[in-house]
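Quick notes on the structure that follows.
Order of writing sets the labels: A, B, C and D. Residues in every chain begin at 1.
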Amino acid sequence: MIKKEMMRIVSQEGIADDIFEITLEGSLVKEMHQPGQFVHLKITEGPEAFLRRPISIAKINKEMNQFTMIYRKDGLGTRLLSEKIVDQKVDVLGPLGNGFPVEEAQSGETALLVGGGIGVPPLYELSKRLVKKGVHVIHVLGFQTNSAVFYEEKFRELGSTYVATVDGSRGSKGFVTDVIKTEGLVFDTLYACGPTPMLKALEENYRGYNAYLSLEERMGCGIGACFACVCHVQNDSLGHAYKKVCSDGPVFKVGEVVL
Amino acid sequence: MIKKEMMRIVSQEGIADDIFEITLEGSLVKEMHQPGQFVHLKITEGPEAFLRRPISIAKINKEMNQFTMIYRKDGLGTRLLSEKIVDQKVDVLGPLGNGFPVEEAQSGETALLVGGGIGVPPLYELSKRLVKKGVHVIHVLGFQTNSAVFYEEKFRELGSTYVATVDGSRGSKGFVTDVIKTEGLVFDTLYACGPTPMLKALEENYRGYNAYLSLEERMGCGIGACFACVCHVQNDSLGHAYKKVCSDGPVFKVGEVVL
Amino acid sequence: MNRLHVELPGLSLKNPIMPASGCFGFGKEYAQFYDLNKLGAIMIKATTVEPRFGNPTPRVAETSSGMLNAIGLQNPGLQKVMTEELPWLDQYDVPIIANVAGSQIEDYVEVAREISKAPNVHAIELNISCPNVKTGGIAFGTVPEIAAELTKLVKQASSVPVYVKLSPNVTNIVEMAKAIERAGADGLTMINTLIGMRIDLKTGNPILSNKTGGLSGPAIKPIAIRMIYEVSQAVSIPVIGMGGVQSAEDVLEFFYAGASAVAVGTANFIDPFVCQTIIEELPRILDKHGFDHISECQGRSWKNYATTTYRGS
Amino acid sequence: MNRLHVELPGLSLKNPIMPASGCFGFGKEYAQFYDLNKLGAIMIKATTVEPRFGNPTPRVAETSSGMLNAIGLQNPGLQKVMTEELPWLDQYDVPIIANVAGSQIEDYVEVAREISKAPNVHAIELNISCPNVKTGGIAFGTVPEIAAELTKLVKQASSVPVYVKLSPNVTNIVEMAKAIERAGADGLTMINTLIGMRIDLKTGNPILSNKTGGLSGPAIKPIAIRMIYEVSQAVSIPVIGMGGVQSAEDVLEFFYAGASAVAVGTANFIDPFVCQTIIEELPRILDKHGFDHISECQGRSWKNYATTTYRGS
């Protein structure tokens, strides 16, 4: 069930250039079931940073009633979030959307998790769940540059992990798709989250596969009411079929919607 | 000189119903010379409580680089101010305006200081200055009700102090003007700050006297540039003479401007 | 006595609070948060004859104390609204105000005729003010004669009262309102969004793919208040006010300006519980300001209480 | 190369930043804070033939991300501006743009004729858009023919270039702009304030004694950007943009929309140093976005960089 709660900041830490890891605590965590879901944050009480910000759930700790997000300080709202300190509260609406289907990967199979930039965080909880289930995971994580890399070690603890940077300052130089190709990675299920060009490249290469892509779109309500975040459905002859990224997604099966 | 400074909150305390005393620290205090001047506060950094708020200087402590204000939590801005805590900063523009002329009262003379509600605070620094100079001070302070009274003891330490409340729950029942009349108070100089009806009553009674009234008006700039806070000049046949409350006032000699 | 009860043409409202069109879908999403029966009414998303996809994304952008949207009247089309959305809403005892849009007069007339037949549609809201579509929409909302003509024809076709939604993007809103009143409208709803734009500093292009969008939220509240103040004095049909409402205090301000009911739009996105919260807080606000009934507040900013003792709209 | 230098009719600006009329008085107060020589220009308070007191107070009210003002064109009158204010400003090497207002055409013409003779007045800003006066002001700003007629006569009388200040309270701002361009205006300044109102919940009355006032500040920025975007593409005279500017980033957004210079109004009240700060920050913003010269940004949101290599306005 979707809840709205003022959640307490348990920790907040810079973990890479302009990348922050924040952990919040509250009973809303009880509602979090699927990796790949997101929350919608109202960062200040007043009119500043007027709209909510969608941020993915990166880690869920049910015992402690805590969950973790990883975000990039970018515009106004994320800057204000990065200035918040422990024990302050954040207004959280969530969990929202449909996340990655863990049930699509079976024990003993191989899942390839591909993330780009701030698309990496939701893969962490996903990977933990898959590993727990006995799925063999491979991570391919793409970043701009060395100083933007985060969570490499944490992913490595869960399975083999390849890092690519655009400028080659860490891991291999190039894009995640290059890594998959050069390393000859094979898998049963693909999960991916990242910038649209990355998702498009993956769609191109793995259209027939059991692949799931998490989309990003500017949002109003975050719950399916305002029609801000719609995307077209593939092979829709009339052109008015749609899916809402916030409530039908953000994760879609490859080939389902137009990227 | 007028300065703009992010000043540190040294203390903040509720001292009566919805009445707060706040002390700020910073080098701007060096510029504060006259009792009755005010500062213009930007309470949040962002768009919330968009305009600055004018608040009088109630106490100046040059040695400590600190000054104190007393304000009523009323609308949005003062509510946000009341939520600020020690060590947070407030954006202060000041000191502004022309305060009470201390030089108008001579050693050995008697000054009557009349304040109503949140008009009381600037009289405190004034009274201290007058007492220091050897002026005999009498305070008449009007409040709505007992729970709204503040600083009575502090004023009493400086000189005889009469309190009136509208509902009679503390001191005498009625208005400050009633007190002056029934107590038969006499004085050489009158200083007053409070709601316009109070100032009007004083003007009526003491037009020919050496009396100084501090006015209140909604402000834009606070420095004389926007023409938001003008008042008419008395006996102005053409009708377009004006004084700005923010920069010509807030203190005017009785009879100078139209209340 | 229900202190919040308001009677308007076609609408018997248990309270004067309703979500604004386009900001509440067809209700389903918000039904997850609270019982929709609490609402005075629901203004559903604009409906057109045919299903529409609307504009390409991005469709929303943030502004200072507001947002821009360029949804472009996306909706499932008249038929699906009639057979799915309205029947679903019929489980609630809440009057529906159906927001009707189109590209040409015939479209409006057809949607109004059909949708007004739905048992739970108690009023039509004629959307002549959507700034986000190329044809129709705002054109009808800026020329008094065209607006009047459309109003007349829709009024003839509709079997329920017709409210016309005014655009604030006009030189003279009073003239528009009067022309629409003369044409037979039963009420007015106002204001729709103001046309605005934001440019992405990184790309240099407008953030919205439609370039311009409609500005809503607290930023436009003073404009809404001013227009309602002017229009409510110039016409004798009721005004449902909207534009930046976030709190019960805001509702009071709209009533003072001259509104007889109030719609809440963008605020639903910030706080999905906002309508419920406002409804719960209103009695406290009435107490605080010494009113027995919400209707006493209506038009208070321009009514002369010394000479008249007005009660109710 | 001065990266911020901009040439406009009558105005050779060391940088494109100037305080907006009515938000900077005649400069004296802000001279306490920084050296006015730093400014690109100064738009002085509206001047009328006779001294005016303006409206009763309260004259300002706060809104979400903005403010309302109803100063009512208070000013010391033409004579005093000529003999005191402008000579005082002459100590600075800053072009003055004289905001000219009036109740009837003759007033405008007279003020323009006289004030344009002052040696430091390099341009006239024709204020046909003040929402806070009963006669004149906004009436001239909403009917294209009347605006054009006034522009023509003022242009004849003035010995310096004439910029006309547009009101956003119109249905079709492009039509206004074109009529004014055809009438011979040398440039446009936009936008003036939007008409708004706030009601005091305690008294039930409008906060402003004038009831309505002009809305300014960040709340109106998206409306300003949209209007400048539309107008700058439709005319070939330059636009000086304003409306909610608070930062160097905002200046960039106005340039992208199509402005050739930018005025800062309300923000001066929040931060008296704001114009200086923006001027100091602009080069950094140009670096960040890869521009050598501010003029490269002008109209970027609608210019096709693939086919044209535009440099300067």
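Throughout what follows, contacts are C-beta pairs under 8 Å (C-beta built on N, C-alpha and C of every residue); 3 or more make two chains touch, one makes a residue touch a chain.
Computed from a prediction, not measured in an experiment: that's the story for all the values here.
Trainee: Per the centroid of Cα atoms for each chain, what is the distance between chain A and chain B, given in Å?
Mentor: 56
Trainee: What is the distance, in whole Å, between the centres of chain B and chain D, each centre taken as the mean of its C-alpha atoms?
Mentor: 36
Trainee: What is the distance in Å between the mean C-alpha positions of chain A and chain D?
Mentor: 46
Trainee: Note the residues in chain C that touch 2 or more other chains, in rising order.
Mentor: 63-66, 217-218, in rising order.
Trainee: Can you list every residue of chain B that touches 2 or more other chains, as numbers and ranges?
Mentor: Only 47 qualify.
Trainee: Edges wherever two chains touch, nodes for the chains themselves; is that graph a line, a ring, a star, complete, or other here?
Mentor: Here the contact pattern is a ring, one closed loop where every chain has two partners.
Trainee: Could you please write down every pair of chains that are in touch?
Mentor: A-B, A-C, B-D, C-D
Trainee: Could you please specify the touching residues of chain C with respect to chain A in the complex?
Mentor: 22-25, 28-30, 32-33, 45, 50-54, 57-67, 69, 71, 74, 77, 207, 217-218, 268-273
Trainee: If you look only at chain B, which of its residues touch chain A in the complex?
Mentor: 44, 46-48
Trainee: How about chain A: which of its residues touch chain C in the complex?
Mentor: 1-2, 4, 42, 47, 49-52, 76, 93, 217-232, 238-240, 242, 247
Trainee: Where on chain C is chain D touching in the complex?
Mentor: 63-66, 68, 142, 169-172, 194-199, 201-202, 204-206, 211-212, 215, 217-223, 225-226, 229, 244, 249, 252-253, 256-257, 289, 297, 300-301
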